[in-house]
């Protein structure tokens, strides 16, 4: 087959939404990927690695190959019989598939939770208390003369972030590195910190204290402690002044805030700090969302149910209360009796106590590739890779929706998440005697 | 007072939502009616009688009703929802949302209680002999209305955010308390008899928090005021002396933290601000 | 699709001059026809009022800021859950309902077409995702242009024809329906935490004025023959004394050559119709504005009626929202969208006892009652800014009944009551006028030829209300009027019965209307090459990934116009 | 010293993300994820060398991983274990009513365990199931 180059391809790894990739392929295989970061290249050139080629069903303790029809039937029966099923994952699939997932959750009466729950869920809880002053990434590129990375390491997690949107990008009002200051706050001197004009190293679990002190300093309140979070008071005040004196500031933060002591209160403090800064200058805050459509999972879930994640539909209407209706809490307490996992690997990533209870229930997994979760499943349904083998809508970090496209064909016979979920929905309806 | 006894027929694994377990709902009903009341077990509607053995009798008004639950109901949510009078006793552990929006009467649990105990409570009394979860006396997600009155006493340990968005009433915790007691507190009193993991009173605008153990440090948004010999909690005068802080200055708050001097040597540095 | 015959109703069809006559309406294949066969299903609606399905011209129901507000306000949802039924999906109310609930609640009120009035172009794919998911109703969205870099640069250079071609390109790229302007130039100033002060303040870095932006886009509207007027939210929103800016904004385009419809629609005037110098002496500017509207044919307005309740403010007007946040001190969401626009969301509660709130409530009602011609003013609450759209029946009761107004007037802030003209206004709307401001006039203003009337060929979107005009005294029985408009006896959408006795009995997929102005190939080529040269500099998205394909719309309804460029 | 007290954090790394695309069961994945990055000074104190196995223990579990001298130092007394099956053995499932377990900032000890074997993914799953 002849070689084709697809241009302006949208990367489906992290949520930066790089949309300038050039992919060389023959319709079946990708031979090279240009313009992307190292992770992106790895993603596009490794589509055939570790693939699941056929649906699998567990019989006599072993996963054996089966047909889509039988796998979907078994999946539908497991979910239909469950009294407290959890439908989890959703950050590495399309918005169209997420929409089907919510329909299925409503139909079977389950909890639908996405991986936000263990990434920026606390950020959303913070927003629910104070709001959020934010902007799209292009605004930062055009306007920001102060960029802060706090508890995140984009050189590793979002490798093109600095070149496309912040210090190394070219905007309308800020042209070069010299036009911008970079401050990094972290517990390690990360590779991002090495680029900083100012690196502020703090002790683990003290982000909250530092954020609180910055808010107080900004208000001109006297801080009575000599140091906060291991940072001398002069430095705290200097940083507060730097933030207040910039023309347009942008604070990017990562899981350093959401996963350490304080969680949603850390993010609340950061959101409140940036809100307060807008009384004296212009400032925006943007969480560094991870997976390419984790934001989409929040958006779809919110417009359909009112709530961004951890939505309990067991009683026929949406309820939301992370800690109660969130997947990890439910599994830690041992409540669910079945799980559907779409494009995620909770067996690997859940803390041990939650993973143990997950392993105790029948799991239906939908994934292109083998993972510890697919290995532990009752039913495994292989799927096409979004943005490479099938198209779909995805949401960037800043909520800009993009239409990720199909570049090559999926392996023979492999179906998309949308098709698979739709088939499960139809089968559940049939089992319930409804059209 | 008439006793109604509910005995769980087994250990529930799947969450049960039974906000009908309250004196207001059962008052004047027959045992049969109670047994036939539908509640949620996971995604199924089931009869209360299929999960609980029901016996005893009902009073004709809520205030004449005592509900005794014998056994572990840690998976049962919403017990005592909106109750206005009467009493509930749980001999065992109780689940989440116990006493949510409670307006009167009393709830006593001999074991532990789950999170969101006494959410948006307005009046009445809750006593937990064991430990309690997170967000005791708090608000619903995104809301700003916590507990508005009544008293909650926890004999054991307590999770994070006790008294979040609290507007009035009293919370007393006898065991250790996790982070953020009294966060966003607007008024009322919290007494931590043992100690706290810290960040007490974050975002508070008013009210008082009295800590008899170690407070876990003080946030930079609080200012040291003075040393006081006693702290008032309602009618009670608690002997100190106490370091007194005011804040949260980030919220232009007028709240007060009382940290007992004897247990907070890590706050001794504040004494340098005392006028000689 | 079965044929339908809706028999013996009292029909209000202002576009066809029918005001309460007893007649039958025949429906075949989703359209209204002269007659149907004997096999048609017959609905006897004797003693009921029949109107075309409601058409809402301005309601924030979809897109990134509505969803941002939903995400921020779980406390708003948890008090108003909607259970799933045999026919409907579950969801939540209240001020910003989830999408399924939005469609159902509109349909239950007899509304069948709703326009989302402000979509940031870069985020419009999101808007369409939500519009696709809103069941039953037809819809569309207005694309924001008032702070767009390309627009401001073309205006500065005086290149009106290129600007027209650019607007045509953008409407097609975003599948938008009309030109929307929000605080022209002010949102660009908000980039630096500032705002523009009025029509003649210069936009930082762009050297153009709001006046020039409004005038140019109105000229473009005319050049492109767009179906709707330019839909404008003026500068100085919510500021005391802003009524003059509103009148100046209308007046600055009176000489723009009109097409067959008004040049400019000024929206939610309650927020921009304020006299006075400070919050303490805010007065109603409604009489002056109504006077202007009454004497000029190039304008139409909608009041954005305030309801005393908990609301969510949302607008593209970032600086105005921040100013209001500083007063409300609740939660504040701000989202600036690169090179284009912004958005702000704040939660608030309107109180009867609050002087300013009471004045706002009065301004909106005064406007509705003082503008004489019902074809120039449309019913809105600027959902959810003035109140949720589910309050329309209540607003209708105020319009048809002086008694209903008086009852509430007695409860509002006394100073406000004294300072309003409202107590002295006796006008009461007729049912025909209500039909005008809720469907006929809005459909006409939008240029939707198949909507807002019951003539042959119209879409069979029909609402039947439990009001017998021959028996009911609207003024006295305003409570039953309110109840009737809350729960339609029947709502028929595209020839199918979707609501029966106020409950949804069927869900259908509504269409999305958008406009494609056909400009000359040369003009399009020129603007495309201009865009190509600047796109990567202005956006963080490639030009190739920017346009929304027609297949993206679940049910696309393209309106083409013949442009003069 | 053969053991040190640290605060352990998990997080993303470039090689973790790249190798994930090759497959969770690939050697590359295990090589880049079953590690613990330590500050050079802490390495010295622990008397460990690059590539030697260590045992990381918290209140919630323990795991054997390969010690690696951090290139993103200094971070005294902070140990970094990339997200993944091995890291997840160490963290607190309590979410404090947030839905989010504590995946950063947990007290731990790191001790030399040169002869201990790094568990395979299958073994990790088995350990979790117990």
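By written order: A, B, C and D. Residues from 1 in each chain.
Convention: contacts are C-beta pairs under 8 Å (C-beta built on N, C-alpha and C of every residue); 3 or more make two chains touch, one makes a residue touch a chain.
Everything quoted here is computed from the prediction, not taken from an experiment.
Compare each chain's C-alpha centroid with the centroid of every protein C-alpha atom shown, and the nearest one belongs to A. Pairs A-B and B-C differ in how many C-beta pairs touch across them, and the larger number is found at A-B.
Once the centre of each chain is set as its mean CA position, subunit A and subunit B turn out to be 34 Å apart. Chain centres here are Cα averages; for subunit B and subunit C they lie 46 Å apart. If you average the Cα atoms of subunit A and of subunit D, the two centres end up 22 Å apart.
Measuring from the averaged C-alpha position of subunit C to that of subunit D gives a distance of 56 Å.
Chain contacts: subunit B has residues 115-116, 134-135, 140-142, 179 touching two or more partner chains. Residue positions of subunit C with contacts to 2 or more other chains are 72-75, 78. Among the residues of subunit A, those in touch with two or more other chains are 125, 128-129, 261, 320, 322-323. Because contacts link the chains in a way that matches no line, ring, star or complete pattern, their graph is best described as other. Contacting chain pairs (ordered by label): A-B, A-C, A-D, B-C, B-D. By the touch rule above, subunit C contacts subunit B in their complex via residues 72-76, 78. Subunit A meets subunit C in the complex at residues 7-8, 10, 17, 19-20, 95, 99, 103, 106, 124, 127-139, 141-143, 164-165, 170, 172-173, 247-248, 275, 278-279, 281-282, 284, 298-300, 302-308, 313, 316-320, 393, 395, 399-403. Interface residues of subunit D facing subunit A in the complex, by the touch rule stated above, are 7, 9-14, 17-19, 21-26, 60-61, 70-75, 78, 80, 83-85, 88-89, 91-105, 121-122, 124-125, 127-130. Listed in rising order, the residues of subunit D touching subunit B in the complex are 96-97. Those residues of subunit C lying in contact with subunit A across their complex are 62, 64, 66-68, 70-75, 77-78, 81-84, 89-92, 97-100, 122-123, 125-126, 129-130, 133, 149, 190-193, 205, 322, 326, 330-339, 342, 345-346, 537-542, 544-545, 548-549, 552.
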